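Here it is, the structure in full.
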Amino acid sequence: MNELVFFINNVVVAGSVTGSIYAMGAIGVTLVFSIMRFAHFAHADMMTLGAFVVLLLSLAFPGAGSVVGLPTAIVMLPIAMVVTAAVAVGIDKAFYKPLRSHGVKPIVIVIGSLGVTLMLQGLLRLFAGTSPQNMYVAERKEIYRLELPFEAVTRPVIVTEPQVILFILVVAAVVGLHLFLNKTRTGKAMRAMSDNPDLARASGINTNHIVSVTWIIVGGLATMAGTLLSMDVTFKPDLSFFLLLPIFAAAIVGGVGHPYGAIAGGFVVGFAETLAVFNWAVLLRPFQERLPDWLELPNNLAFVGTEYKIVVPFFILVAILVWRPTGIFKGKVI
Amino acid sequence: MPLLEARDVHGGYGGMNILNGVDMSIEADEIGVIVGPNGAGKSTMLKAIFGLLQVNQGEIRLRGEPITNLAPNKLVHMGMGFVPQENNIFPSLSVEENLEMGAYIRPSGVSRMLEQIYEFFPPLLDKRRQPAGELSGGQRQMVAMGRALMVEPSVLLLDEPTAGLSPLFMNEIFERVKKINAAGVGILMVEQHAKQALAIAHKGFVLAAGYNRFTDTGEALLNDPEVAKSFLGG
Amino acid sequence: MTTSKTTDRTAPRRLPLRELILFGALFVAILGVYAVMGPAYSTRMLVEAACYAIIALGLTIQWGYAGQFNAGVMGFVALGGFCAMFFGIPVNEAFWDSQLPGELGRVLLYLVGAVLLVWGATKLDRLGVPKRLRTIIAVVLAVVLYLVVISLLREVTGEIRSQAGFIGGLGLPSWIGWIAGGALAGFIGYYIGHICLGLRSDYLAIATLGIAEIIKAFLKNSDWLTRGTATVSPLPWPTPGPSDLGFVLARAVYLSLTAVVIAGIFFLLHRAYHAPWGRMIRAIRDNEVSSAAMGKDINKRRLEIFVFGCILMGIGGAALTNFNSIFDPQGYLPLNHTFLVLVMVILGGPGNNLGTIFGAVLVYIIWIMSEPLALFLMNIAVYIGEGWFGWEPPSNISSRALQARVFVIGLLISLVLRYAPRGLMPEKVPHHH
């Protein structure tokens, strides 16, 4: 039965964590895509930037967490979200808006976003160095060990504090976004603009305002995802490198321009990754005695080694582009 | 003073004039219908009024105020509604949200206006929670018109509201147009179904090659043998 | 078509003043580098710039001719580099004398067999198997067979690594590796293009970005094939090496070889650009809808362009890696091998071959020279900071200074896109009146 716990720890928990991060990233990508119609390559670096702002704030006020009884990074998260959102709006004004108003093809803005990616990476490495840093500046990362009430189980299910916070915040973010998009006037206008930009303009919707609101949401969500990922692992300036392909794959799997699809896509990609690198031999080994003699289980029965993890989102991406380019939820833009 | 007046309008896309001097004018309680062959500049004229393309010469006035080349959102504020021929709804938004978007610039009286729109278009009431993209063609057209009516415009521009609809729906749409007009909204619409449209029109404008060939009351145009021969298919 | 030809011919040839001035300035800059850094260093720089020019020509036909954005140049460059290594380096006797080649062959045969079996399973519906059942059978079969083959492969490659190190090369002349590099890059490009070219252009960018990372991950982790992080060197040159001729002369000979390659590509591209094929490509780029309406097979043309561009990137990558004489999978950086090339193309003038070569040499000089310059500036900053404000700089200051170059490349992309989207030498679109 310990094998089952191993499975829960390495697939169920790890997959939910990765899935939540990818889902939050993919929502951002898909929102930008549906409002501005381009693939925002700098999104993963915005996540890194958000985490870096949190790190800086935590270094500046290391004691803030113990006052409220939460990790300092979480206390600093709202401030960092505001800062990153402002940066996101500024980046749009400085780099994307001029291209948009020139009426260039979307692919040119994609290249522009690559330029922004490099600028953000350069700045982050210049100021943050290249070595990994712990987001827990003053306190220790709590680890919860849940013993299961079965006799055969001796190992606990392990969940860390940032993971629990991640799950809570993901649910909160999704519910919040849902309410915003469906209940508020601005949220509805955002959906309207994503549906039919010309008609939105003809209805008197201020599209510049909607674009700014989109960047605020995107910057905020990116900060949240980047921070929680860095808290769970460590902060690295090249964090974005491992995120870009999975979050794009997630957005496309879910159907580009479809926020709920992005959530589903995030979990699909996250679980696919963890299932693919999971060593299935662990689960099969208890049944070794019952298997015929000629069938000897190899030590490693993972689909891909961890070093090839990046193949998984790519494979999903290609598969979805071949069979169903609109994604599982029928996205708008292909 | 006429509600909407256009005098000697020239305009088109990218320096090429499609309109070569169009005149039209409707009063506050009238239905004006623009008919004519393909390429005559009917839809172009509507877009020129709504500021969607450049007017190079001539003047357009709304209640006496010059509105030539004003931006669409300004015109919406001044009480003009426009229903494009295609892509005139937000397909993934519900019917009610579509209507709310029509009142985006004036969110105060939404619930009152919604009631009124459902009165104009009773079929929409049952479907108000349904995504507009799932409706039938006629109902979509109702959503589109309802959206434009949400700001209580004094004049409504309709670009071929019955395009692609079956005759049954076409008549229904024309009935609604009459009803809206009776509620005090001036209407200027472009129509392919010239006979049926002229039958409900107070004024008719027959365009050809970018200028007025005939301008008269709807009834007079219907009975004019020359108009009938060249433009109404005998 | 006939009228356009006559206008081409009778149009008075303007003196290409802009080109002359720009190339003159570039020449002066090169002379300056020679004067400061010495001939050995400067010739090496020129050879590398020439290799980048081949790669950039590949990107300019994809982006400039056809508007396809390939964000994974690095992957195709790495494939070229791998081929240059694999074909060029000597045969590894330790591997070929053992029983390992046979075992590896057996596993590869299993792989072929497994592929055929799965392919057969997808055709089961022809035999009356319900479609859903067929899909399930095919997927289960694929998963099981994949696991079997991958376990066997892991075993064999592990053996190769422990007994022979790696499988070594083929010991063929290097230029065969260059051609093979182009072919392999074109082959991969064909499949990527086949999947993505019918969709929005953004998807191509994402997919190429992905494939580049996968190629790199594969080359880095397949120790049995590439020695992975242990790197392979030296790679024999197709021209006489430095031990025969001395550094400067050997590099100069290599430079002339790359110059011949560039001249050949340039000639072919020039011909193609002005041929009906080139006109069709540009027509597709500028107005997809009307070209489609004229009955042109857009996707096939686009695929040709994309594959051709990838081939050039493969050849350029082979030439570059071969020159550096070391195959290090970790040395393939998206920054150098994708974004630098992108800057070369958009700064030089997308769609203008001459402009692309100009851009390649100019940007590469700036890139190379920016390293000492960045360190110099950083040292001044540190000096001022320490002397005036008592600031204590972080210890890894020099590695951080180099990161500033990443920022500069990004800024350069953004500025060029905004202020000179057609580059320093814009594509001259022939007007047909």
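Going in written order, the chains are labelled A, B and C, and every chain counts its residues from 1.
Please note the rule applied: a residue touches a chain if its C-beta (ideal position, glycine included) is under 8 Å from a C-beta of that chain, and two chains touch if they have at least 3 such contacts.
Everything numeric here is computed off the predicted structure, so don't read it as measured data.
S.K.: Name the two chains that are joined by the greatest number of C-beta pairs in contact.
M.R.: A-C
S.K.: If I average the Cα coordinates per chain and compare with the overall Cα mean, which chain comes out closest?
M.R.: A
S.K.: With centres defined by CA atoms only, which chain is the most remote from chain A?
M.R.: If we average the C-alpha coordinates per chain, B ends up farthest from chain A.
S.K.: Calculate how many whole Å lie between the centre of chain A and the centre of chain C, each centre taken as the average of the chain's C-alpha atoms.
M.R.: About 30 Å separates the centre of chain A from that of chain C.
S.K.: Go ahead and note the Å separation of the Cα centroids belonging to chain B and chain C.
M.R.: Centre-to-centre distance between chain B and chain C: 56 Å.
S.K.: Go ahead and note the Å separation of the Cα centroids belonging to chain A and chain B.
M.R.: That gives a centre separation of 46 Å.
S.K.: What does chain A use to touch chain C in their complex?
M.R.: 38-39, 41, 95, 98-99, 102, 104-108, 110-112, 114-123, 125-126, 129-130, 244-245, 248, 252, 280, 298, 300-301, 303, 305, 307-308, 310-311, 313-314, 317-318, 321-322, 325, 333-334
S.K.: Along chain B, where are the residues that touch chain A in the complex?
M.R.: Residues 50, 72-73, 76-77, 82, 84, 87-93, 97, 100-102, 104-105, 107, 147, 151 of chain B touch chain A in their complex.
S.K.: Which bits of chain A are touching chain B when the two form their complex?
M.R.: 185, 188-189, 191-192, 194-196, 198-205, 332
S.K.: In the complex, go through chain C and note every residue touching chain A.
M.R.: Residue list for chain C touching chain A: 67, 69, 71, 146-147, 150-151, 154-155, 195-196, 199-203, 205-207, 209-211, 213-214, 217-218, 220-221, 335, 339, 342, 346, 394, 396, 399-400, 403-414, 417-418, 421.
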